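Chain naming follows the written order as A, B, C, D, E, F, G, H, I and J, and within any one chain the residues start at number 1.
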Amino acid sequence: MPSQPSKALEVVPNPHPERDYEVSLEIPEFTCLCPRTGQPDFATIRVRYVPDRLLLELKAIKLYIWSYRNEGAFHEDVTNRILDDFVAAAAPRFIEVVGDFTVRGGIKTVVRATHGKRPEI
Amino acid sequence: MPSQPSKALEVVPNPHPERDYEVSLEIPEFTCLCPRTGQPDFATIRVRYVPDRLLLELKAIKLYIWSYRNEGAFHEDVTNRILDDFVAAAAPRFIEVVGDFTVRGGIKTVVRATHGKRPEI
Amino acid sequence: MPSQPSKALEVVPNPHPERDYEVSLEIPEFTCLCPRTGQPDFATIRVRYVPDRLLLELKAIKLYIWSYRNEGAFHEDVTNRILDDFVAAAAPRFIEVVGDFTVRGGIKTVVRATHGKRPEI
Amino acid sequence: MPSQPSKALEVVPNPHPERDYEVSLEIPEFTCLCPRTGQPDFATIRVRYVPDRLLLELKAIKLYIWSYRNEGAFHEDVTNRILDDFVAAAAPRFIEVVGDFTVRGGIKTVVRATHGKRPEI
Amino acid sequence: MPSQPSKALEVVPNPHPERDYEVSLEIPEFTCLCPRTGQPDFATIRVRYVPDRLLLELKAIKLYIWSYRNEGAFHEDVTNRILDDFVAAAAPRFIEVVGDFTVRGGIKTVVRATHGKRPEI
Amino acid sequence: MPSQPSKALEVVPNPHPERDYEVSLEIPEFTCLCPRTGQPDFATIRVRYVPDRLLLELKAIKLYIWSYRNEGAFHEDVTNRILDDFVAAAAPRFIEVVGDFTVRGGIKTVVRATHGKRPEI
Amino acid sequence: MPSQPSKALEVVPNPHPERDYEVSLEIPEFTCLCPRTGQPDFATIRVRYVPDRLLLELKAIKLYIWSYRNEGAFHEDVTNRILDDFVAAAAPRFIEVVGDFTVRGGIKTVVRATHGKRPEI
Amino acid sequence: MPSQPSKALEVVPNPHPERDYEVSLEIPEFTCLCPRTGQPDFATIRVRYVPDRLLLELKAIKLYIWSYRNEGAFHEDVTNRILDDFVAAAAPRFIEVVGDFTVRGGIKTVVRATHGKRPEI
Amino acid sequence: MPSQPSKALEVVPNPHPERDYEVSLEIPEFTCLCPRTGQPDFATIRVRYVPDRLLLELKAIKLYIWSYRNEGAFHEDVTNRILDDFVAAAAPRFIEVVGDFTVRGGIKTVVRATHGKRPEI
Amino acid sequence: MPSQPSKALEVVPNPHPERDYEVSLEIPEFTCLCPRTGQPDFATIRVRYVPDRLLLELKAIKLYIWSYRNEGAFHEDVTNRILDDFVAAAAPRFIEVVGDFTVRGGIKTVVRATHGKRPEI
């Protein structure tokens, strides 16, 4: 098995910091393990943010998301941790992270967390 | 026939009480009996809540929902009772419960009730 | 031909008057006659209301809707009349009635009327 | 209440009898009464036919369909009767009639009947 | 809890036995219990048949389907048992029964069984 | 070729002027000619208005829309002209006209204009 | 009003006559006039053909379709006439023409005609 | 990281071997690693089979599918291997396996393989 | 290869400057090259603006969009540059530009930027 | 501008030549130039083939498709050329290529060509 990819996020300078604008990312290939049963969970992660001076780099996001593949993670917790990590890396003016998980026990769960005040754009 | 499952809800500590965030649950497998005719009714129950110090535990929700299987329940009443029980168990900052029932007599009914003030997140 | 069903609406006590909550009804089987041409018109009627002390009873609504089957009724008028009748019967805190009619002369018409102030729930 | 429209179907000459071709009609505004309960039923009627020397005239079809409005009719029977009447009126090379009824008692019914051999076109 | 409804199916004479035609029924409100875990399962049952001398009566089908509510039943078995019971009751020229079950363990199951030779209509 | 239908709009008294309510019309069969190339353009026109003392009459709207068939008209201009003509004819409390045009040069255009203040209903 | 565009179809050599292959065209912007009422009708025309030595040229098809704009034409007839004209122009190995007309009098009509034997490709 | 789940499939006796019938399974949570890049791939696996004397057991299928999580596997190969393993375990009369993979390099791949002759049911 | 089309935008006078109204454009055929890898990227560009004294001319927009075909451009940057160019050309009262890019590395990106204050219309 | 990518296709050995099975590829990012006007055209290319001893390699397909970016190509011709090139490279038992082009002049074109006899799998 390949070694686990890194959780390090990379950033690049925002070419248009003079303006509030919104970047939305949809990542349908998130998978982790249920901490209680060890069984795999699947989710689509959706991110919407207004950059300040930094943009999140796509390839590093891909590796970051991939790094959860063999980690245990509860739905509510992992969505908040992704939010925290993205805030720490890029300090956006506003960011929303949604974890949209597949059905377990006949129940579908979606977790949504935000940081900062959503600007009117 | 198996004995009726319990209406007891379980809760776990919210790992991120420092932040308002939203958990949405969709439970398409609710069924109860019409108190007037004794015939089965079917619904999808949708819950959206902002936890305070407690999270609702998924497996207990499943058993709770299942507990209505052989009980009589009116559409408007059962939606409000689910809301009351979830509030009593987890004391969320905000919660919305929607009961989306299948067609009866050519009419489709949806009941929506909330508790607390919906935060801007 | 069977005799025309009654326009009398029935109500039952609201089991949860302590709370603003919303009941939505979708009735896709409305039909009446065009007063000008005598030809049948078809519509879906959608009702959304916040009950005060009374709930509208489903079976009576079905007969009420059925009572228009052989009556002449203009789109704009009949939607407002349904609204008036539902207000008179149940005195809801808020109510919206939508008449969504099928295409006539290549034009689709939807009429929407409300009574009371829509509460934030 | 207006008098019941006629069940007489009109036909016009087929301008292209030299060729097998197919005419499909979708009529979403069929309604009749349940012979057992007297309550209204609703259906979409779909017709697909290969004309021989005659075409079914649209306006007469509309009145024909309208003529069932205050008649009692079972799902299986009425679909076959429409087929019989269209065959008697236009003697098509092939015809299929589908009655697609709305939900009753939680069950949706579709009836499909044909006359003649479906040509390969 | 009300007593279990009957598995007896009723039939009525086919008003058009002179012709092969098809009746399709969709019953989205089937529920039974998993024989292994006792937990509820949910399915849509779809039936398509060509009647011979008898039609299946809708209200009895509804009660028949409802009778599984508190019975244990495996997906593959129950679909075949419904097929057997419908054949025994109405002896159709052809019949297909589909059991379309909701997701369990991340897997969706559909079972399809037929009796007799599907006629070309 | 038949003579061009009239642009005269007809109005009828609003039977419920005591209340703000909304009438929505969708007219998918608008066509005109491009003033630059002479080629046909196609659009769906959507109208949403709150009547004051007058309602727009459907049959006259149909002829009005038809009257553009052989006229040259730019997308932005014709949407505003329809709005002006409807305002002149019925003096509604509020009105919105949307011109939703088909693709030209790989680009889809939608024009939306309003008159009056949209009431909260 | 601009002069009527030509009904002349243009063809170009088929670059791959050594092989049976299929070209499908969808033309959603057909309009003509009803010969009885003079009112406009609208349709999508769908063509599917297997070329022999000639291909139909797109720009000429566009003008050909446009040429019906101010002509009277019955649904069944015009679909067959388009088929005849395309056969005369390009002599394809197989061709199917579908006229998919918008609702008139609550009825939607689709006409489908073919020429030649549909090859297995 | 939890130990890899087993590739052993379990079977149970077919309760209706007297009849050809079809079982369809949809498993949207397949993931493996690309043997060339080590990066995760995602697919939905669809299985359709006609059992002979044995049925495939659902829980074991879930673990089997899970066992690929940290294995390298090419799209075309893994679909065929799943087919081979299911044939070896249950010897069905007919079986089809479809691997429906997510986009890689802007290209979506679907692989479909069968074993045995598809019966007419 | 043809020479690169011009980035020059053309404008025409707004025929209705007396009113705030909205023009929406959807351009699904944008393609450029990734500055890092040289590989092609694809996007739909959506523009929504409230014109002041000038309208953007459609044919010039088409050439402008086409001009990016062989240029390197990052998602976030190019969306903002299109916004800047449209503002410079037409000085609208309000404008929003959305770049909706296809999946790269399993991640879908959408960038949205605005200029001016969105009027209430 | 980067140099044009290569049209050379790569192949790898088929790991399961003992069996007829089907590989489907969907490539939504094809673009070329119209030979008459020099303007860009866009298409989705769909390939479905039954490999013999060779599989088409995905990364080379991507570069092959990319190589048309600045070439002139007619719809009917380019679809057949892609088919010819894929046959020459991998000699599949059966292959179908579909070119699904975006609207030009209000007309949508789809071209479909096959090589070999489609096996029953």
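To be clear about the criterion, contacts are C-beta pairs under 8 Å (C-beta built on N, C-alpha and C of every residue); 3 or more make two chains touch, one makes a residue touch a chain.
All figures in this text were calculated on a predicted structure; none of them were measured in a lab.
Annotation: D-E is the more contact-rich of the chain pairs I-J and D-E, by number of C-beta pairs in contact. More than half of the contact pairs at B-E come back, by residue number, in I-J, the repeat among I-J, C-F or D-E. Computed centre separation for the pair chain A/chain G is 51 angstrom, with centres defined by C-alpha atoms. Centre-to-centre, using mean CA coordinates, chain B is 45 Å away from chain D. Contact of a single residue of chain B with at least two other chains is seen at positions 28-29, 102, 106. Every residue of chain B that touches chain E in the complex is listed here, in rising order: 1-2, 28-29, 31, 33, 38-40, 42, 66, 69-70, 102.
On the chain B side of its complex with chain A, the touching residues are 14-16, 19, 21-29, 51, 55, 58-59, 61-62, 120-121. By the touch criterion stated above, chain I contacts chain H in their complex at residues 102-103, 106. By the touch rule above, chain E contacts chain H in their complex via residues 74-77, 79-80, 104-115, 118.
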